[in-house]
Structure formats: C-alpha cells, structure tokens
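Two complexes follow with chain A in common, the first pairing it with chain B and the second with chain C.
Up next, the complex of A and B:
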C-alpha cells in the first residue's frame, strides 16, 4: 500500500492538455476527483499538431454527442492511397458513403479541438492551467521504490496522489524520472505540416466531395524523396492539411532536410493541382512516435501513469495513421485505473499496473499488438522507391497503345518486373511480411 | 497607497494574419492580457510591495459577462483584485468612450492614488485612452514613462526617457501614467500565482451604475490600408549562402537602404 494521508494540492495532476491529457482530466473530474491540467502552451492546442485523422469511436465513449458538439471539420468518406513517382502515380481510391453512416473518422484542427476539450474540462471542474512548463516531477523513495508525489515548475511545487504524463512524443517527464528511455532514432519521425486555406466549394469540387464529407490521402514514394515515411493530405472545412512524416534515422542517412521534402511534396504535380490558389495559414513541425508496440515499454510507476503519444501510442499501419484515438483509449484506461487506485487509497506501482492491464484489454492495446510487426515492415526500403515505379511500368504497358501488338498481361507484368529493380524473392518477402504485419 | 492598473482583454495581433488582398484576419487571434499591460501590472506590484499598497486591475469589456480567463490571467500577474465594466454596448467602444468609462470606474473605486497603464492596447494601439481617462478625471497624465518611484510621503517620481536624456517629474497628487513597453520585465506567473488568482475577488460594475456618459460615440466611415509602394520583384537563389548574402546586400544598396 502506498498512500499519503496528508491532503495533496490536487488528487491528480495531468501534464499536457492534448487529446490524451484533456480526456483523462475530464474523466477524472467527472468521477469527482480534484484535477489540475497543466499545459505548456499559452492556450490548449497552441502547440499541438496532428498529421492524421481522428477515428471517433473511442472519443464517442467519452463524449456520446462528440460529432455534434465538438468542432469537427469533415467526415471522411474517401480514402485515397497512392504510390507516387516523379512523373506518374498509382492509387487506390476508396470512396464510400457508408463511412459516414455512422461516422467513422473525421478531420479536426487541433487548435479548435483542444480548446474545446479544455472547455469541457473547465466545465467539469478541472483547473486548467495554460502557460506553465513543468520542469520535473517530485519523487519520494518508499519501500516499494520511487514514488511520484507531485510536480515542480520554476520554484513552485504542487503535490498530487497521481501524476499523469501526457506530455507528447518526446515525454521528458517519463524520461527524467527514469521510467522510459530516450526513443531510438528509427522509432521517431518528424512530421512537417501545413494548413492551406481554400474556399469550401473549391475543396469539394477538387476532391469530389459533397457537404461535410472529407477525403484523406496517404501517399508513399516520391513524396518523401525516398525517405522512409509518407505524405498525407486531408480536407478540413475550408482548408487542406498536408504534410510529410519522415523517419529520423532515414532522413539523417539520406541527408535530406525535412522542410525541403515537404516543399517537394507540395509542388508535385499530383498535389499542386489540389492546392492551387490556396494560402498557407499554418505551418509546423512535430515529433511523431513510430515505433509501434516495441516503443510502448513501461507506462506506469508509483504515482505516475503515461498516456497518449508520451506512451508511444501511435500506429502506422501503412494504410492508416492513428494517434488521437489511441490517446483517447489510453486516457480512458488511465482515468479508470487512477480513479480506482485513489478510491482504494493505494497509488503504488502495483495498484497502478491496472492501467496497463486495462489498456491491453482494450481496442487500443489490442491494435498496438496486432500491428506490432508493422514498423519493421515499413522500414523496408523498397516501399518508398521501387514499388511505385513497378506499378507504373505495368500500368504504362497496359494503357499505352504504341501500335505494337498487345502482350498477355502476365508477360507485361513479368517484363515490367525484370526492368524494375525489384527481385521476385523480395516481392514475396515483402508481401508475406506485409500480410503478417496486418 | 491604492493603485489601479487599466488593462485590456484584446486579440493578440501576433495571431492575426494579412491575406493576399490586404485584409487583416483576426478570426484566429485569441484574446490575451498583452505584454504592455503585463509591464504595468508588474510596476504596480513592485510599488505596492514596497509601500504595502493595493493593486486593483480595471478593465472595460464589450461583452455582457466577463470571461474568467481574462480576470484570472491578469490576477495571476500580481493584481490583488479586479474590477470590470462589462457591457455589450461597449463592444468596439471608441477611445473616448473607453477613457470616460475608465474614469468613472476609477471614481467609483475611490481613493485612487495612481493609475498605471501599458504603452498602448495591442489591437487598436491608439495610445490615447490613458490620457483621455486623465482628462475626464481632471488629473495630470504622463505617457512613455520608463520608471515610477514611490517613497512614503513625498509623492510619485516619474522618469521619462527622451531623445537626449531623460525628464523627471515629481507628482504629489493622483495621476495617470502610461509606461513604456520596456519599463520593467514582467514576471511569468507561476503555478501558485495562477491558483491564487482563482480565489481573488472579481467585481463587475454595470455601465448603468456609472451614470450617463458625456462622450458622443463616433462612427468609423472607412479604413484603407497603407500602400506598400512598388515591389522590386527580385528573387535570390540561396543555394550558395554567401553569394546570396552578397546579392541581397547589393540589392539593398542599390535600393538606397543604408
């Protein structure tokens, strides 16, 4: 049993008012806990950036009327996956109105969403404190090991039964307290994103959308100039979010500058046509955890749990990139575990391990396990350079009638294959690995 | 000693943007307590701590209710309490109206020895409101003051930097002072300051309780943006940095920039 009888300043202190932190704070306050939510930015959302779309089901568990009340931009009904080459591209274009009934995924702008989440927190009694950077957590040594007992910012110290670290992909808090190691370079990516203003109608015309329907593009290949990672583009109400996510180790190895790769993607003929006439409204860079399950590691200790990006909870399945729904999933598990621990007056490491159990019993944890092999698969070089070229060669043979007699499809494929730099063995290996990873 | 600090909950121009046709888009700019106002609060706090005085924040807001963030943010910076005049009819109030409302509220607060304000508001930046308030109060007004020194019994000593040195005034009666932006470095509120802010008193005054205003509202007939002159339309290739620097310097020299 680890419990301090003297009343702390707050029962729970949450560090970071992103999706994970705000949702955890909101739920704990709903349970009647006294909660302090500290945010480094001048306002919740001002420092946050997301490069993905929000799959809503977890959020709807917390806010049943999320779709009607939260500031969402568009409901995704079109998913477009493209292999991009310098002068050609090959894409899968999946458009389905069923994706909007019920709504599955939406686009959001974090400045608006995070501000809304913070308002929900305030309305539920959370003390929201922006403009404060937590320098360290306060610890004490107990019989059960190190126990986190509060936070320190500047000279001020505040105590809590439990601290929730929701301080983002680079979580300095969990690193400083020795819980989590510095992520490896191949587990981290840098995201560069711009938000480009375009009139509503223009977006709907260019992306073939109607009403508040939206499109999400996932692109690999020339968009990253061969660097491991990908490009994304999705539609907001009257703007388009577009950017690249680049694996740090590969970016360094290939000596590319992230901003140049971003510029290259935006000026690629495929994307430029969508963006023409738009005005750059926001621009930012952010670290992205890409290590998958391997990166999750330790996410709790006495008096501390780690949620969201800070816990390495992001998932790149090759076709979909997820982070915010996993952040919500972890916040739900954390709020439940922390609430129960305080109820039972035991906030030691053993008691808080319930968080981990709840997380891995949930969809969030199960999906992290399901896609455990994906990061390794996505490190395969060929995905970013050779496959796009191979697909385009096959398509070119099929669609380019140059007056010579047509060859059987198998031969076309075999020819394209022998001319591309992909070996049969590699294709089989990649295919197998891809299927296993999924 | 009772010090009133006038502050404005105004949109942060750093988050406003100018679009291609020259219009300013304020839609994404959040309201803040500006860094100018933070300087005034800091100066007031330092004086009050030295002579055990009281610092009262005073704001005029064109909304029916006072946003709690507005008062909390200001209180966390070192005010003892806040008085707000909140009324929808004050939305887009003119500098004259705002100055008059402030003067009435200062009278209502009573026994005020010193009124401090920042250099200007950050959204309108007229640099007039503090002087207008002083006019309505019949008090002396000083702007661009870099230092305020208060000692028991001998009034307030104000120092104003000028182009060639500085001027010093000793004022022995209630006065209104607008400070320079760099008069002091304002402290960053800590967690305890922010928590304490939530517990400090906030008083809302109705506009009606201040009596009929004398100032006549005026209407802005139109605004126009400044012309930026002809552009040189020169693009420098920065692949070779040192060559680019030389080229830039050359262009600036030719354009008469020295």
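Up next, the complex of A and C:
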C-alpha cells in the first residue's frame, strides 16, 4: 500500500491540456476528484496540431453529444489513398455516405477543439491552469521504489496523489523521471503542416463534397521524395490542412530538407490543383510517434500514469492514421484506474498497473497489438519509391491504346514488372508482410 | 498557389517571444565533433538553425515551432532543448 495520509493540494494533477489530458481530467472530476489541469501554452490547444482525422467512437463514450456540441470541422465521407509518382498517380477513392450516418470520423482544428475540451473540464470543476510549464515531477523514495508525489513549476511545488503525464510526443516528464527512454529516430516522424484558407464552396466543389462532408487524403511515394512517411490532406470547413510526415531516421539518412519536401508535395500538380487561389493561414510542425506497440513500453509507476502521445499511442496502419481516438481511449482507462486507486487509498505502482490492464483490454490497446508489426512493414523502402511506379506502368499499358494489338493482362503485368525495379520475390515478401501486419 | 518563404510563413503565426532566455543551447565543440550541423539545418521545419562562416551553429530560437525534431536527432550532450517557459513560444490559432 502506498498512500500519504496528509491531504495533497489536489487529488490528481494532469500535465498537458491536449485530448488525452483534458479527457482524463474531465472524467476524474466527474467522479468527484479534485483535479488540476496544467497547460504550458497561453491557452489549451495553442501548442497542439491535429495530424489527421478524429475517429469519434471513443470521444462519444465521454461526450455523448460530442458531434453536436464540439467544434468539429467536417464529417469524413471520402477516403482517398494514393501512390504518387512524378507524372502519374494511382489511387483508391472510397466515398460512402454511410460514413456520415452515423458519423464515424471528423476533422478538427486543435486550437478550437482543445479550448472546448478545457471548457468542459472547467464546467465539471477541474481547475484549469494555462501558461504554466511543469519542469519536473516531485518524487519520494518508498519501500516500493520511486513514488511521484506532485509537480514542480518554477518555484512552485504542488502535491497530488497521482500525476497524469499527458505532455505529448516528446514526453519530457516520463523521460526525466526515468520511466521512458528517449525515443529512437526511427520511432519518430515529424509532421509539417500548412492550413490553407479556401472558400467553403470551393472546397466542396474541388473535393466533390456536399454540405459538411469532408475528405481525407493519404499519399505515399513522390510526395516525400522517397523519405519514409507520407503526405496528407484534410478538408476543414473553410480551410485545408495539408502536409507531410517524415520518419526522422530516413530524413536524416536521405539528407533531405523537411521544408523542401513539404514544398514539393504542395507544389505537385495533383495537390496544387486543390490549393489554387488559397492562402496559407498557419504553418506548423509536430512530432508523431511511429514506433507502434514496441514504443509503448512502461506507462505507469508509483503515483504516475502516462497517456496519449506521451505513451507512444499513435497508429499508422498504412491506410489510416490514428492518434486522437487512442488518446481518448487511454484517458478513459487512466481515469478509471486512477479513480479506483484513490478510492482504495493505494496509488503505488502495483495499484496503478490496473491502468495498463484496462488499456490493453480496450479497443485502443487491442488495436495497438493488432498492428504491432506495421512499423516494421512501413520501413520497407519500396513502398515509398517503387510501387507507385509499378502500378502506373500497369495502368499505362491498360489505358494507353497505342494502336498495337492488346496483350493479355498477365503479360502486361509481367512486362511492367520486368521494367520496374521491383523483383517478384520482393513483391511477395512485401505482400506477405503487409497482410501479416494487417 | 505560391508558397511564401519559410520566414514569411512564420510571420503569419503568433509567437510570444521570451526575450529573457533561449530554450535551445548548443555545445559547439561537440556539435563540430559529431558533425550534426547539416542534419539540424535540413530537418528543422522552421529553419531555426544555420551555420556561420566559421562553422558555428547559429540558433534563431524565436522561430521555433517546438516540435522536438532537433532534440530527437541530436545527442542530449550536443543539444540542450526544453520547452519555452509557460505562455511563451508558438501559440497556434488553428492547430
């Protein structure tokens, strides 16, 4: 049993008012706990970037009327996945109005969403404290090892039964306390993003959308100039979020400049047509955890649990990229575990390990396990350089009627193979690895 | 759409500059030994880093978008990087 009888300043202190931090704080306050939510930005959301679309399922467990009350941009009905080459592209274009009935995924802008989440926290009794950077956690040595007992911000020390580290992908807090290692270069990618203003109507026309429907584009190939990662493009109400995600080990190895790759993608004819006449409204960048399950590692110790991006909870399945829903999933598990631990007056490492159990019993944890092999698969070089070219060669043979008699499809494919740089063995190996990873 | 230069892009963002202290410090000797300058210059999306004629790495910390790319690719002994003090630095209005 690890429990301090003297009353702390707050029962729970949450570091970081992003999706994971705010949802955890909200849930704990609803349980009647005294909660302090500390945010280093001027206001909640001001340090955060949405890297993609928000799958709403988990969020609706916390806020049943989320879709009507939260500041969401568009409801995704179009998913566009493309292999991009210099002069050609091959895409899967999946459009389905069923995705809006009921709504499955939405686009959000974090400055607005996180401000709304923090308001929900305030209304539920959370003390929200923006503009304060937590420098370190306070620890004590107990019989059970190191116990986190509060936080230090400048000169100020604040105590709590439990601290929740929701401090984002860099997670300096859990690193400083020795819980989690510094991430390796191949476990992290940098997302570089522009928000481009365009009139509502123009967006709807260009992306074939009506009303508040939205589109999500995921692109691999020439968009990153061969660097592991991809391009993305999401429609907001009256702007488009567009950019690239670049795996750091490969960015360094290929000696590419991040800004050049970003410019290259936005200037590619396929994307430029969507952006014509637009105006850059904001330019930002943010790290994304790409390590998958391997990277999750230790996420709790005495008096501390780690949630969201800080716990490495991002999932790139090749077709979909998820982070915010996993942040909510981990926050739900954390709030439950922390609430129970405080109720039972034991906040030691053993008691808080319930967080891990709950997380891996939930969809969030199960999906992290399901796609555990994906990061390794996505490190396969050919995905970013050769497959787009191969697909375009096959398509060119099919659609380019040059007056010669048509060849059987098998021969077309075989020809395209022999001319592309992909070997049959490699294709089989990649195909098998891809299926396994899925 | 013509993309503005990186400097002009950053000018459209809202920054609250901490004039009292920089949150980025480089150990120039170790940086030279580990040859990290070019990687820092290339990887930073905000172009915070540049090189002086004598090879010293220059740091324009006011432009930092606080992503953490530089601190992930450089050794902690070479580059000391932490978040700016509370309320300072980039303040995204869209996100």
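Descriptive notes on the structure:
Operating definition for what follows: the second predicted complex is superposed on the first by the 438 of 438 C-alpha atoms of A that agree within 3 Å, B and C clash if a C-alpha of one lies under 4 Å from a C-alpha of the other, contacts with A are read in each partner's own complex, and residues count from 1 in each chain.
Assume a residue touches a chain if its C-beta (ideal position, glycine included) is under 8 Å from a C-beta of that chain, and two chains touch if they have at least 3 such contacts.
Please read all numbers here as calculations on a predicted model, not as lab measurements.
Contacts of A:266 after superposition on the shared chain: chain C is touched, whereas chain B is not. When the two structures are aligned on the shared chain, A:71 is found in touch with neither chain B nor chain C. When the shared chain is aligned, chain C comes close enough to touch A:110, but chain B does not.
Within the superposed three-chain model, A:226 lies out of touch with both chain B and chain C [touch as defined at top]. Of the two partner chains placed by the overlay, only chain B lies in contact with A:156; chain C stays clear of it. Of the two partner chains placed by superposition, chain B and chain C are both touched by A:42. Touch criterion not met for A:297: it reaches neither chain B nor chain C.
For chain A, the partner that touches more of its residues is C, with chain B and chain C as the two candidates. In the superposition on chain A, A:8 makes contact with neither chain B nor chain C.
Of the two partner chains placed around the shared chain by superposition, chain B and chain C are both touched by A:281. Across the superposed pair, chain B and chain C both touch chain A at residues 42-43, 111, 131-132, 153-154, 279, 281. Chain contact summary for the complex, chain B toward chain A: residues 17, 19-20, 28, 30, 32, 188-192, 194-195, 198.
Taken together, the chain C residues at the contact with chain A in this complex read 1, 3-4, 6, 9-10, 12-13, 16, 38-39, 41-47, 65-69, 71-73, 76, 82-87, 89-95.
Those residues of chain A that touch chain B in the complex are listed here as 9, 38, 42-43, 111, 127, 129, 131-132, 153-156, 158, 279, 281.
Residues of chain A touching chain C in their complex: 40-43, 45-50, 109-114, 130-133, 153-154, 169-170, 172, 182-183, 185, 188, 190-192, 194-196, 239, 248, 251-252, 255-259, 262-263, 266-267, 272, 275-287.
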